[in-house]
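Letters A, B, C, D, E and F name the chains as they come in the text, with residue numbers starting at 1 for each one.
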Amino acid sequence: MPIVELHVIKGYSAQEKQRLGVALTNAVRFVVPAAPELVTVVIHDISDQNYYRGGKVRQPARAKDDPEHIVRAFLSDMGEGAVESARKRLSPDFVMQFPGTAPMRDLGDLGNWAATRYRRIAKTYDGFDAMQGDGDAAIVYCRGTLSGEWTDGSPFEGIRFIDRFEIQNDLITRQDVWNDIAETRAQA
Amino acid sequence: MPIVELHVIKGYSAQEKQRLGVALTNAVRFVVPAAPELVTVVIHDISDQNYYRGGKVRQPARAKDDPEHIVRAFLSDMGEGAVESARKRLSPDFVMQFPGTAPMRDLGDLGNWAATRYRRIAKTYDGFDAMQGDGDAAIVYCRGTLSGEWTDGSPFEGIRFIDRFEIQNDLITRQDVWNDIAETRAQA
Amino acid sequence: MPIVELHVIKGYSAQEKQRLGVALTNAVRFVVPAAPELVTVVIHDISDQNYYRGGKVRQPARAKDDPEHIVRAFLSDMGEGAVESARKRLSPDFVMQFPGTAPMRDLGDLGNWAATRYRRIAKTYDGFDAMQGDGDAAIVYCRGTLSGEWTDGSPFEGIRFIDRFEIQNDLITRQDVWNDIAETRAQA
Amino acid sequence: MPIVELHVIKGYSAQEKQRLGVALTNAVRFVVPAAPELVTVVIHDISDQNYYRGGKVRQPARAKDDPEHIVRAFLSDMGEGAVESARKRLSPDFVMQFPGTAPMRDLGDLGNWAATRYRRIAKTYDGFDAMQGDGDAAIVYCRGTLSGEWTDGSPFEGIRFIDRFEIQNDLITRQDVWNDIAETRAQA
Amino acid sequence: MPIVELHVIKGYSAQEKQRLGVALTNAVRFVVPAAPELVTVVIHDISDQNYYRGGKVRQPARAKDDPEHIVRAFLSDMGEGAVESARKRLSPDFVMQFPGTAPMRDLGDLGNWAATRYRRIAKTYDGFDAMQGDGDAAIVYCRGTLSGEWTDGSPFEGIRFIDRFEIQNDLITRQDVWNDIAETRAQA
Amino acid sequence: MPIVELHVIKGYSAQEKQRLGVALTNAVRFVVPAAPELVTVVIHDISDQNYYRGGKVRQPARAKDDPEHIVRAFLSDMGEGAVESARKRLSPDFVMQFPGTAPMRDLGDLGNWAATRYRRIAKTYDGFDAMQGDGDAAIVYCRGTLSGEWTDGSPFEGIRFIDRFEIQNDLITRQDVWNDIAETRAQA
């Protein structure tokens, strides 16, 4: 029955602490095969007047936005054609890599690329996986199936896809996309 | 400067504690934007004679094998054609999903499927991402590029792929694969 | 100088925490021969938004009523003839065992039994001992002396008695009584 | 899921720590209605070179003997007529109070008192309750039934009894006894 | 990266806790050569209803005044000739030791002693050092240079001095003074 | 009854931990007027395989030598004329400031300076005060009285002195000296 105590400077919201509670629980379970309900996490909020580093009080860093929420919001914007809103979620050095084309940096290029492949597309999600990488970026995966209309107007659905995102400073820095579109077209 | 204290019953190896140290550090960093070197993890090994639940001593659960190591070993076996060894790393209810075919349960089926697509294939890895899911399974992603020989003997390389694995009880229960093979062939 | 730290979810009253402070102090002193003033108990109230088990927030269980208070109230009711009030403090499966008779389940039976022995009785208490048993029940002992009037109207006093109570879910499940009434009458 | 951490100077045996584990668990459960298996006790053995009071190292006090064991050994000695051995378990200011007689200080007096009541007696135990009192003494109760032979040689059995002991400095300072002997004889 | 946790009963001000944070940081750095910013101090304010010693709640002792502030205020009073105010900062058993004279107990005697040496004097401070001694007294040192006018009206400046103060119960109990006045006059 | 817990990587000696125990006790007492025996310090030695910063194991920094011991050894060397040994205890940028002369950097210069003042000198110590400064240096004060022989062979004794030392990296970087030699000669 592992017990995790986290000491942080006071200032995180209930939701942010919930995210910490889940992430720490899963971090323990990554190594120790304890049932989730046997992993206890206790967060000690330390008032800033009770925390000293080098004898000086410190302020808590603002929590990161939930990377999965950032990705979901970006995907939602893109699904609704809200490209300007989606663009605000991207880092200036954003790069995206789609099947069968060179890396792209602008959402406009993506539109051009897509236009040669399908008239309309929508994503159905099977699941998200999110984690902090060893480096600065958080990693978010989402996977599921694509449905839509080919350029000739015929419909498609159930085409598997997976996206991998990197997020830094609450902005998406990278998107990598894989899917079975070409496989499906080859079989058609 | 968040501080994590983990209390576990004594019995984990240095390597297992290192894995806990890294996982807990990243769990904090998933929410709190602290530089890694400002996240401290202290593990308190509790002698089994010093730990009581319900007034009774308890034994530590054996650590899970490192899911990433399990996946790397499986991929290495498969790369070397050591199918029998690879098979031992799979759960009895193992399922794999490759592009353009129905789910398969046996590594032999995979060989048949591949035979229609390429004569020889090798993976170059760009990176692994591993995490504990909210459920029982650990998730491991690996991504990189494929090189090899088509069925007609012509070579290919640099074809992007990504694999997603689920691991439970130190056995692989699921593998999902995406890649640009069809895209590449369509462009050829 | 043993130090006890108790971590509980916030929600216990000052009085309940005082009871925990005393019980934990005595638990240590049951084994370690430290003077009471060298046993320190620190209670950490954990806000429910800071406590996670299995990654989920939890609510604190309502504290048990003080078992000694329950017994004192029952004894007070019985001393005042407030049988209905006393009855509310009993579990449906309450059993009482008095000297020289079979186990009884109803306070009315007790009245009948007593009527053959004394006309009036009162208890003077020398002390109470209360503890949690290893099972679900808390145990409360009270001891002292009985005074009153025999059925013939003659008075008695200073007759030693001891009662043992078991309490579960804030209700008395069992009462065992021993006393020197028969001894006294035999000597009379 | 309350968590108790006890910090003591290193030096207690596994058995003594087990007693602490149980006593602390029950102390919590005396107030908080948690299932036993949800109460965790962690004992931190502090090396004497890691513990300072007033800047000075301290030695751990030798643990008290288990008061229940002391009482069981005394009762066993008495049952076997090993009066000299039993006497060594008594404090110089030992007092015992039996039904129908003045307080006695010497085990020899007890023999004289008993001789007028029964020829032979044995105890069958239903249970022991042990606890640290708020004062210096630990309290041990034992209860059960008596069997034996009256002075006329006729047998008896199933007579309820309860003993209350006080223990200080590993010696019994007081014994109080109640039983149904007189009640039984009166009914005979 | 040493971590200090201090548990005190709630009631100290932010400023008092800052003083504790600095003193504890320096205590660690006195032995461990860690950069200050790698020493973390966390203060746990324990509500008085969450702290028990001998099973009883306790009140926090009022913090000591900052000994350095006491000395600075005394020196400021003396510099301004506010002898009555300065006197209130002295313990009844105050003793002061100046160069070339017997110990003095009254600030008036100091004036007489000074009158034979200089007409006017002022202190420029280079630094203060303050610490708790192993005994009851806190120790404060201040050092710097003296400037002023000799009894003949000629000026002086840059004469080194050092004062050592002992403080108990927020009052100065002892002052020892060394300086280069005689050396300077001898060289003149 | 303040409680200090110090978490450090394992590797400090009993003596070094004793120094930490005393320093932390005095740090608390500098602010909280607790009797020393009511300040508890518990040191948690963390095995290096149980301590992670940024997910990496760390090695404990070697403890600083006791600054007071360094000063006592230096003073002892100087008292015995062991100038070469004394010199090894000095930092390359060592500076000393004695009464009535410019700052000196070499112990040889000190000998020349002293030769004009006394033929022989010895120190009797009344006390040492040692502390970590807010900066990198530890500060050690020693005070007492000087005895010896003037250049004309006449004896002196009981002349007050105080030395202030700064120590960094186990080497003395600065010595400041004040005494009543000139005052005594002026009165002679």
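Observations
The definition used in the following text is that contacts are C-beta pairs under 8 Å (C-beta built on N, C-alpha and C of every residue); 3 or more make two chains touch, one makes a residue touch a chain.
Values in this document were obtained by computation on a predicted structure and should not be read as measured data.
Shared contact partners of subunit B and subunit D, listed by label: A, F.
Matching the C-alpha atoms of subunit D with those of subunit E calls for a turn of 180 degrees, to the nearest 5. Note on B-D: its contact pairs, compared by residue number with those of A-B, C-F or A-E, agree for more than half at A-E.
Note on chain placement: the centre of subunit B and the centre of subunit E lie 62 Å apart, centres being C-alpha means.
In terms of their C-alpha centroids, the spacing between subunit C and subunit E amounts to 57 Å. In subunit A, the positions touching at least two other chains are 1, 3, 7, 22, 24, 26, 40, 42, 44, 53, 55, 134.
Contacts between chains form some other arrangement here, matching none of path, ring, star or all-to-all.
Shown are all chain pairs that touch, namely A-B, A-C, A-D, A-E, B-D, B-E, B-F, C-D, C-E, C-F, D-F, E-F.
On the side of subunit B, the complex with subunit E involves touching residues 1, 3, 40, 42. Note for the complex: subunit A touches subunit B at residues 1-8, 12, 16, 19-20, 22-24, 26-34, 53, 58, 60-64, 67, 97, 99-100, 129-134, 138-139, 141, 143, 160-162, 164, 169, 176, 178-187. Per the touch definition, subunit C reaches subunit A in the complex via residues 7, 44, 46-47, 49-57. Against subunit B, in their complex, subunit D makes its touches with residues 14, 17-18, 21-22, 24-26, 35-45.
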